[in-house]
Each structure stands twice: as structure tokens, then as C-alpha cells.
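Structures given as C-alpha cells follow.
In the two complexes below, chain A is the common chain; its partner is chain B in one and chain C in the other.
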Partner chain A sequence: MLDTDAFDLRKYVANNTQTTAVWFALVGLIIFGLLRYDNFGSAYNITSFLNYNAMFIAISLGMCFVIMTGGIDLSVGSVAAFTSVIAAYLSPYGIEVALPGAVLAGVGFGAINGFCIIAMRIPPFIATLVTMLAAKGGALIISGAETIGVDWGSNFTKLGMEKAFGLLPWSITIVAALALVLWLVLEKTSLGRTVLAVGGGEDASTLMGLKVNRAKAFSYMLSGGCAGLAGVILASGFGAGQPLEGIGWELSAIAAVVVGGTLLTGGLGSIPATVAGALLLGLVFNILNFENGRGTISLSAYWQMVIRGGFLFAVILFQTRVTSSRPKVG
Partner chain B sequence: MSAPTATSTTASKPVRSSALNWKAIRAHGGIIALIVLVAFNAAVTPNFLQMQTLFVNISQVATIAIVAMGMTLVIATGGIDLSVGAVMALAGALAPLLFLSPWGIEYPALGLVLAFSLPLVAAALCGLFNGMMVSILNVQPIIATLILFISGRGIAQVLTNGNLQTFKNPGFSYLGTGKILGLPFQGWLALVLAIVIYWIVTRTIFGRYLLATGGNEKAARLSGGPVRSVKIGAYVICAFLSGIAGMIVVAINSASDAARNGNLMELDAIAAAVVGGALLQGGRAPIFGAILGAVIIQLVKYTLLANGVEDEVALVAKAGIILLAVYVQQVRKE
Partner chain C sequence: MQSVASQPHAAQPLVAMHGIEKAFSGVPALQSAALDVAAGEVHALIGQNGAGKSTLIKILTGVYSRDAGDIRFAGAASHLTSPREAQDSGIATIYQELNLVPLRSVTENIVMGYEPKRLSVFIDWREAHIRAREILSRFGIDIDVKAPLGSYSTAIQQLVAIARAVSLKARLVIMDEPTSSLDAQEVAVLFGVVRSLKEAGVAVLYVSHFLDELFEICDRVTTMRDGQTVSVRSIAQTSKLELIADMLGRNVDDIKAAGMTDFGGGTAKTGDVLLQADGVSTGNRLRNLTLTVHSGEIVGLGGLLGSGRTEAARALFGVDTLTGGDITFKGSPSAPANPAAAITQGIGYLTEDRKAEGIIPDMSVRENLTLALLPTLTINGQIDRKRERQIVAHYIDALDIKAADMDQPIRELSGGNQQKVLLARWLATEPELLILDEPTRGVDVGAKLEIQSIIRYFVDKGFGVILISSEFEELVEGADRIVVLQDGYCVSELHNPGITENTLVKAIAQHHQQNEGAA
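== the complex of A and B ==
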């Protein structure tokens, strides 16, 4: 890549069209927001934006690993709802117990997914659709179909409502740390490289002696754990475990992963770009909220679902255009 | 296609001597499950062997069966359609909007005609969208149909502003409450649709290419098969049938609830198709199998409900059944 010129930006952009595009779009939207709305850059907006989107970044991270292996996880939304209830029940014991407890519950669902997909050889979307159903039913059973209030006396709500070192909300701090760790895992460990290899060609990876099943199991359990973390943030930030939450979250996560340049067929992906993708989708909603506030448009809450779908559609159109104009690799 | 044991339930058994071996049980799992369910209910569930029970179950199973037939066609191409429930909600929301609109009340006959036709056009357009995403843009079916899975219901809710639309319209309600020979109209409708689709699959060029596409897409394309249009056709038919089912649900309730209509139907439909013998890899379209699958799914639901099992537990039970059905199918294939 580096020949006579030290660094050719144009060449870099041409080779990484989509991962670069998401950053440009993100920066562009932020500048647009800053110029158009007075309170866009306010501490309150930034804090609540990051706090709310921490959940979506978390599930997008797990989804990114699953999609990189060539799979899909449709259960993340219901698992987050389930774990938010678990977290609410565990909240009297403090965040030290509630956080690991809920994350473990999420990992448990991920393990079920992994078992069904690897050992029973059920197609990923069926297995995770079934878990989606089971988690939804489970959440309603353990909560009695009601929201479960958290214990405000313990330190549980700190995670979703207070700032770490007075700077950023705890939720986003933890998620950012997780993103960093996962980035390192993907780029620097054999496990991460195996995840990408599996997505690139599962049979070839098996024949090369890579630990394919371990990589897949890790990805699904990670995705479950990330959904568990999102559930804790949900319960902590809103003060209640919410068994009916999570509808359409899988779509947001998939959109975030795809907009970040990860191929839906697996084998290619980027953690930072996925985070950027999640933030981009969040920003679209944030800006729509501001427009609603100004009265330029008036969108009911139901539009949210339509916009999520439209966003994913736009992203897919863009990705097909990019991937088809690029010379095929492999 | 590869395994000789994976023939449909109607095919003759190669080994007649040992009738009750595992292979036979797997090959005829659907029928066996049905017999077990009926026997169990006859013994345990109070008032099971009554005309009323049959009536209720037929009126409920019709929607699952109709959607499952469409799902079977999509699965036959090697695809999947997650948006069926959302398309039901959309079509179901549109129909009352049309005959409750001011001019729909002014011209009731025209309003009714439009209420029957426009929702189906909208549903077919959803199918066209799915089909084009899958066949022209080469998006994986799960992702392509996931868009409408979420947005379709969103559009239905935007159209109705999230309100429950209740109505009194005997003409429209006939779709869900009418009777022919003492049995629910929608049951007959499902039967007629099944015969038509069976004919399409077995007797038309479209049907042959449908199975060829699912069996081996590359081979079908190389031999000059219209793979793209066949795939689009499967999604359009599936969405069209979902639209019919959505309108039936609205007609049964005399009310349209965009949040609930067709909720989780994709699971019922996939389960019914798989239990009925559809292979998720494609290449098979057992239409009457889908109906058998729908009857089984409905009976399971009814059994749980009639014996006082809570809805939430029933959800988990259903999840287990789908898993088991797909697992048995995977084993059968090997």
C-alpha cells in the first residue's frame, strides 16, 4: 500500500468505502445537528444520547461477531428484556450482583443458541427465533407480565443514571471498554481471526484445523452476554425490568453492523465501524426528535419502527452497490 | 433431494416389513403427532369431541394454514419470509380503513370491493419488495424480510395511529364468521386455496421451476430457468396469502388491532411448513403437508389453552416444538 506516497487518502477511501463512509456520515450528521439545533451539543443531550444508545452499541457488538461467523442472532431483543427483569430482581443486592447475574443469564441464552446451531445443526435464524420466543415467554413468566421496579436504595441505578468520574455515564463507559476489548480480541487473538475465517468459509476453516465450533460458540454466547448487558442498562436507566421491551432491537443491531461495513455473509467486519454504525442510527433518531421538537415534522412513536426498517433498507442498497462495484475477492 | 429417505409422506414406503422402525416414525411424524394429539385431547380435554371444538379449531387453523402454504412456497425456493405477520397486520389495518372512510360509507358496495382488493394489492407489493430484495439485490432472505417484519407493522400502526378499529360490517365479517355447510367459511377458503396452489406447484411450469430453483438454483439458472421471476413469484404469493389471512383475523374479531394481528405468525407458519415436510434448504413444496402442520400447531395451542396452561408457558412450549420439528427434519435428511 505504501509506495512512493506516504499515505494516499484517496486510495484508502477507495479500498474501504463503507467503513469510511460511516465515519463521514457520522461526522456530517453531528455537524448538521450542531449547526441546526441550539441544544444539540448540550451536556444533557450528549449524556442522554450516549446513555440510551449504550444498549444498542452493546447488542451491536455481539451481533457483529455473530454476523462475522456468517450467522444471525434474532433473539437479542427478547434476551435483553428477559435479563432486564433478572437485573431488576437482583437489584437489591447491588450492581455487583445484578450485573454479572443478568449477563450470565444472557450468556445462558447464547449457549442455548450455540448448542442448537452447533450440536443440533439447526439453522441460526430458526434457533435464535426459537430463543427469541422462549426468552419472551420466559420474561413474561418470571415477571408475571408486569414491569418490575428496581431497588432504588442500592447502587443499582448508578449504572444507568450516574457518571463515571463525573465525565461520561457509567453505561457508555462500560460499553466502550467492552468495545475496546472486543476490538483487540478480533484483531489480535487467534479466536478473533478464527471468527473471521469461519465466516469466510466454514468448510475451509474446518479443513485447516481451526477451532470452528469454539469460535461460533463464543460468538453466540458473546451476543447473549451483550444482550444481557443491554438488559442491565435498560433496567438501571429506566428504573424497571421491562419484559415487553426489545421489539425490533435485532433490526437495529443488524443495521448498525451492516452500516459498519460488515458483510452479511460473514468473513469481513470491523468493531469501530460497528460502534459508529450504532451511533449513526441513534443520531438519526436524535435528529428526528429535534425536528419533532421544532415542529417541522410530526412523527408518532410508531414511525420509529418504519424508520428502522427504512434505514436498514438504505444501508443494504448502499452495500450492494459498493460490493458489486468492487472487484470480487474470494 | 439427496437422501432417498426424505421423500414426502405420500410416497410409498420402501420397507413394509418392519413398519414401526425409526425411519417410518420420522417419515410419518406429522400424522403420528396428529393422532397422538387427538387421542390425548379425547382422553384429557373436557368437551373435546364436540362440534363446537371442531368449529373453533377450523376457524383458527385456517389463517395458519393459508400463511403456511405461502411460507412453504418461499421455503421451497430455499428462502424464508419473516414478514408474514406484519403483512397480515398491514392488510388487516387497510381493509377497515377503506370501508370506514367517508366515501366507503357513502358507497358501501364499492367500499367493500375495495376493502377486499386493495389490501391484497398492498400485500402483494410487500411480497414484490421482498422478492426483489432477495432475487435482484441478492440480499439474504432473513435480512430482506426482516425489514418488513418490523416496518410493515410500523406502517400499519402509523396508518391506524395505533388505534383499535372496531366496526360492524356483515359483508366483510362473512370472511371470518360466515358458514358453508355448517363449517366456517375460512376453512373452505383455505381448502380451495390449497387445491389451487397444489395445482400450481404440480401442474404448471412455474411450479416445476419453483422446485428446480430450490433444489439447485445454479443448475436451474444454467438450464435457462427464470430463477429470478420464480423467486419473486413465491414471495408475492406468500405475501398475498398473508394478506388474506390478515383480513380473516380482522373479520373474525370485527376489529383491527395492528399491534396484535399476525403477531408471531411467522413462527407458526414456519413451524407448520417444517412439520409438514418442507426442507429449509428448498426443493420441496408439500402443500397439504403444510395444512397438516398447521392443524398440529393449532391442536398444540388448543391443547395447552384448554388445559389451563398460561399463554406465556405456551410460548415456551411452542418454541420447543419448532426446535424439535426442525431437529427431526435435520436428522431425517442425513
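== the complex of A and C ==
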């Protein structure tokens, strides 16, 4: 599919080759699944697949913005665990309170990240590692290291367990709406373009007079908020706040963002492709589960991680080629 | 020295900076600097490295704050605190290192921060592309504005940067070394743009060390030296020689008086030819350089900034690929393909940027000193610690490096001692030819003398040295022979004894003067 000999950045961006590749792979895997497994296209499989992956898409969206600025957010998994506990505690007051409450808590963590990175000039990797540990510890403290059951009497569990207008789960509907808004923000607003410009060259952006700090603060707070939303979906879908969940989620999110064609060094990225990347990684699991179910192979979850790793490796290899062929600016 | 020759535009200054002072952690960078630029004028700002040009510009554009002095822009007192404010008030800067975002499209790089909007929120990309195309077409450029900027040549990128400035309705466009990476044809396009800016009443502040260019497009020229403004001249009433004299702090008459007779006074004692470069060219401002180094000889490379001194060193050391010419080292024709090959052949290169390219701050004196030596110190994958310590002790003693002990981190040493460690690093590889680029820059006087005597001791053992220095005194005193470069080739050669600073300045200026006479 790729004309590797005549590869250059211009073609890459103009044609979005990698983004296209993600979509092709996604469609290919879906067709493969539909043809091979009887229940693959069943309403149950689709619903549960989307419901489960809504959380990952949400944190991948936030992560995508952070990575586009050239940063990283390692705290998203822990923040999701923390906010799932918050959401569980707030669940008696209904989703109207629990959702904004938990998201705000997430935004709070993002604000701390932003402050450390922008004002205190701590490298993103370290700053978000600190918040990751803090959120993890915080979740265990406020929950007493126990899962916190939600109030089943309120409307809280609707978000994770019921369908909007009888069509799609509320969780994926909300995340899809979020993705649409963020797509618009990235492509159509100064803020979004500044996020990309900052990742493409922070000094240059400053000297062009762009609001660099605002774009970075927005990205980290968005990432925190997305993690908060994921926490709400987690608590709502599983009926409990889970202080021990979220381990390794940041890596899944980074993987989804990278598979979606976003450069880890920042400056290039796409929201639809990030969604596709998250779906693609989820689908690999889904298909391996089906394959296990057929009894033809028996791959453990550990092997599935190996396969995911291999997938990431291939993508990173591809990206290294892009960055190294990037024209130098003198 | 303040020679204010008739100033055609002095009536209506757009920019007036007076008594500007700025110090960085106590070290003064600017002292009583001044700059006047009139509307619709192309004004040149020149000076040697470290004269304070960049600092002055960064103060004007709000990147740095000033310690003292006042700035008026368009008649009003100016207190800019950020590049954004400077842009909004009509000052656009095109930095030497091209501050654009190569990954983003041409359009984005032009409209970024000032995008046309629909409903005052959503960017109107159609309009943005049209606007970008329109601005570029004024410069005679027709390119795909949706493609990433990085996919175009440096020249196009440069023009896009200018297009951005123009689109921001700038009243003053500052260009920092705009032609340093352009070829002749691209320079012509750029000059066309500068002239059309001038016609439109936009002032251009033009920073360059290519003096010929100034005479082509500038109206007036401000010269800076050591953080001070030393002269403001009308370009029509000055000469290159005068400008060079201003930059270097010399008297024009002295330069003229140091006649040709002083050239080639002495005869240097030389051994065999160690290195011979014939007609060496690189794509990097080095044209047809011919240079001979004998064993037992220090050859100085003289010339102004941009004359090709560092480029010559890079070519000889295999950093830049040759596009023409031959290099013969120790009788065998072998242009080194890369620095590793050059080191194997017996060439060492002490770069001019000690901090960025030389020392590893947190490593010890010992580790820094033996870095280049590690391969030969390693036996079966183990470093021979005993020999390592012997070698380090030898050089600490021989070069009188002042360190508490050899395991002290090098960052705790003074600049002069750091430089001695670096020198020792190269000496320890036992090279036969050492290229030293500004070996005593930022070093105190005592250490400077010591470093110079180490260099002399090294050549007296029969090795060769190429010495690059911006300090004429160092070249005159240290070199046996000085090869003067201009625009990437040799213009003259001086022999010691007999060289004085004035003869050197004369030699550097002479060629410029001849050019002028011909023009």
C-alpha cells in the first residue's frame, strides 16, 4: 500500500497515508471478523465492545492533545481510578452531579500537571509521573483500598449500562460527541492549531506570538478531564468505583494515539485517526477473544499483549522513517 | 567616533532607541546602545560576533527586557514585553534560525495567530489559503500552500517568513542574516521583496555580515562594537573599509598607512608538508580553498565572520563533505570521510563551542579527558584504569590543570581549566595536526597564556596546528603564518615575524577595498 521508495513528508501529510492505513486496517479487521465469527456482528458484541472501549477512546483523545504539544501524560490511568471512586461517592446525587464532579476532579489533576510543566518547568514525563503516583495513592486513601459500590437507585448506572435513544450505549454516545467537538477544536480553531504549532516548534511558536502556555494548559486539563470521564464510565459500567483499576491505561492510550499517526514528538496528529487507533487496538483483543472462543488457538492475555506490542513496534518503526526524512530547517 | 553623516531619513524616526543597557547575570551585553530607523528606510545593523546586535534586536522586539534606556516606536514610548505585543504594534522579526513550524502547512505558518474566522470562532481555511496565496504571489511565488512548510527549500521558507511579516501589516521588518543560506538567485528575489517593502513605506532593519549586500540595498548603517553603537553612516557616503574599521575599532588611516610592504616580511622555519588542501570546496560557503600546513608550524586563519574559517576546519576534519578539491595528509591523498576517520589519520579538532560540543559537565575531569582515548585504553572490554590514571595525571601536571583531583566534575572548574582539559583530550590522542577554533575564547588572561604556550610546545615537537581566532592579537602573536580568508577562499597570506595587527586588518580589508574600486 505504501510507496516506500518515493516517500516524503509532503505526500505523507497531503495524503495522510498512515491515517488512511489505520482506517483500512480497521475496516479490514471488521470484515475479517464478520466473515469468520457468527456473533461478531451481533448487537451484543458491538454494544459491549463500544461500551468497554469508550473509556479508552476518551483517555486517548486527551492524550492525543498532550502528545501533539510534544508532551506526555502518564497520570491518566490513575486519575481515571481516582475519579471512578469520586463518581461512586457522588452517585446517590445522580449522574447530573457525579459526571461533572468526577470530570472536574480530573481537570484538577490536569491543572496540577499543567502548572508543574508550564510554571515550574518540570519535564512532562516527571510531572505526570508524580501526579500518577499521587492520584493512585489518593484513590486508595479515599476508598480505603476497597471498591466503592455505586447507588443503584439513582440514574448513575444509566451512563454505563443503558442505551441512548435505544441505539448506542450512553457512554460511547458521549465520547463520540466529545470526539466530534475536539475534532472541530483541533481543525477549526486557533487553539487547536496552536496545539499543533507548539508541538512542531515551541520556540518558534513563542516568537510567532502564539499563546503557547494557554495551549499547553488546555491540553493537560483536557487530558485530565477525559480521564475523569473515563472514570465515570468505569464506575457506571461496572457498578463500583475501582481504585485499583487503570494500571497501564496511559500506555494503551499512548499506543492508540501513536497508531493513529500522531508523532510522539508532536506537531502532527488527527482526532479521527486517534479514535480509529483506539478502536483498532481494542478490536485486536476482541478478535483474539473470538479466536480463542472457536478453540482454533488458545492465546493467553499475555500473548495478546505481545501482539499489541508488535503492532506498536511496526507503527513506531514507520514513524521513525517519517521524522528522519523530515526536511531540516536551517 | 559618533560620525553622523548627513542622514536622509533622520526627520521622522520610526524607531528611536537610546542609551540602552542590558546585562546578563552581571556581565554587560549592551552599554549605551542606540538605534534610529526611519520609516521606509532599509537600515543595516552590523558588528562582529558578540557586538550586541542580537541583544539589541531582542530588546526591541520584547524578547528581553532592558535595564536602562528608552525606546520610542512610531513616536510613542514603547514598553513591549512579548513578541506578540511587538507583532501587534507592527514589528515583525525574521530570525536567522527561521522560527517557523516546518511540520505545519505554509498557510498556517503565514496566518497563525491571526486566522480569518467565521462566527469569530471557526477558522475559515478557504479564506486563509486564498490570503496566503495572494501574499506569496506578490513575491512571485506560486506554491501549494497546503503542503507542509518543511517540504520547501530554505529560500522559500525564508520568503514565507517575510510573507508572514508583511501579512501582519508590519511597519518594521527585522531580518537577521536573511541571506546566509540563500543562493545568488534567491538573494535577488529577496532583495526585490525588500525593495517593494521599502516602496510601501515599511522600514527594514537588515542584519548581515556580508558587506557587499549592504551597499546594494541599504540606506544607512549602524555599527556596533562591544555592546555600544559606534557609528551611524549613510551608505552612499561610506566605504567598506570605513565600516570594517568601525567594526574592528581601528582607524581607517592606520589601516591605509600599513602599506603592502609589511606583507610577507619574515621567513618561517618549516618542516615537511603535513597537510595540503587544493581547491577545496564544500556546499557550505567554502570555495576553492588552498592551504598548506608544514610540521612545526602554526597556521592562523584570519578573516571576518562568515569568511569561511570554521567551514575550512569542518572540511578538513571530515564534518562537511567536499564538493571539489583534494586534501593530502602526510603525503597520502585522503580527504577524511568523517570525523572518526580524521581522528584515525591523526587530526584533532577543538571546536569553538566549548559548552555545546566539548565538555560533558557532570563527568569528571578524568572521564572528560580520556573520552576520545577510550578505545585504545580498553582491554577485553575493560578500561585499563591504571594507565588511564597515569595519562590523566601526566596531562594535569603538564598543562597545569587546576582541579581538586582528577575525579572532580568538570563543571566545577573554571573556563580556562575546562579548556585545558579539552586540549588535553586531543593531545592525549597524539594527533599530528590540531585544528583549534577559538581556543582561548572566554578564558582569563593567565590561562590564555598557558594555553598558548601549550600550543607552541606541541608544534615545537614537529606537529602542525591550524589556529582560528577572532582576536587579531592572538593570531599575530601566535601564528607563524596567517592565511586570510574572504568569502570562502584565500585572499592573502602573511608571514611572521613582521605581522602586526594593522597589517592583518589591512589584509582583511584590502580585498574588500579592491572590490569596491572595481565596482
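Simple rule for what comes next: the second predicted complex is superposed on the first by the 291 of 330 C-alpha atoms of A that agree within 3 Å, B and C clash if a C-alpha of one lies under 4 Å from a C-alpha of the other, contacts with A are read in each partner's own complex, and residues count from 1 in each chain.
Basically, contacts are C-beta pairs under 8 Å (C-beta built on N, C-alpha and C of every residue); 3 or more make two chains touch, one makes a residue touch a chain.
Nothing here was measured: the structure is a model prediction, and the numbers come from that model.
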Subject >> First (chain B), second (chain C), both or neither touched by A:203 >> reply: second
**OP:** Look at A:38 in the shared chain and tell me whether it touches chain B only, chain C only, both, or neither; answer first, second, both or neither.
**Re:** neither
Original post:
Touching A:138 in the superposition: chain B (first), chain C (second), both, neither?
Top reply: first
**OP:** Kindly classify A:129 by the partners it touches after superposition: chain B alone (first), chain C alone (second), both, or neither?
**Re:** first
Subject >> Partner contacting more residues of chain A (chain B vs chain C) >> reply: B
**OP:** Identify the partner contact of A:254: answer first if only chain B is touched, second if only chain C is, both if each is, neither if none is.
**Re:** first
Original post:
So, does A:302 touch the first partner chain B, the second partner chain C, both, or neither?
Top reply: first
Original post:
In the superposed arrangement, which partner chain does A:310 touch: chain B (first), chain C (second), both, or neither?
Top reply: first
Original post:
In the superposed arrangement, does A:120 touch chain B (first), chain C (second), both or neither?
Top reply: first
Subject >> Residues on chain A lying within both footprints (that of chain B and that of chain C) >> reply: none
Original post:
For chain C, which residues count as touching chain A in their complex?
Top reply: 63, 82-88, 93, 95, 97-105, 108, 112-113, 115, 121-123, 125, 146-148, 150-152, 154, 157, 164, 181
**OP:** Quick one: which bits of chain A touch chain C in the complex? Just the residue numbers, please.
**Re:** 8-10, 13-14, 184, 187-190, 193-194, 196-197, 199-201, 203-211, 263, 267-268, 326-327, 329-330
Original post:
In the complex of these two chains, what residues of chain A are touching chain B?
Top reply: 72, 74, 116, 120-123, 125-127, 129-131, 133-134, 136-138, 140-141, 145, 247-248, 250-251, 254, 258, 264-265, 300-306, 308-310, 312-313, 316-317, 320
Subject >> Contacting residues of chain B [partner chain A, same complex] >> reply: 80, 133, 137-140, 142-144, 146-155, 157-158, 161-162, 264, 266-267, 270, 280, 310-316, 318-320, 322-323, 326-327, 330
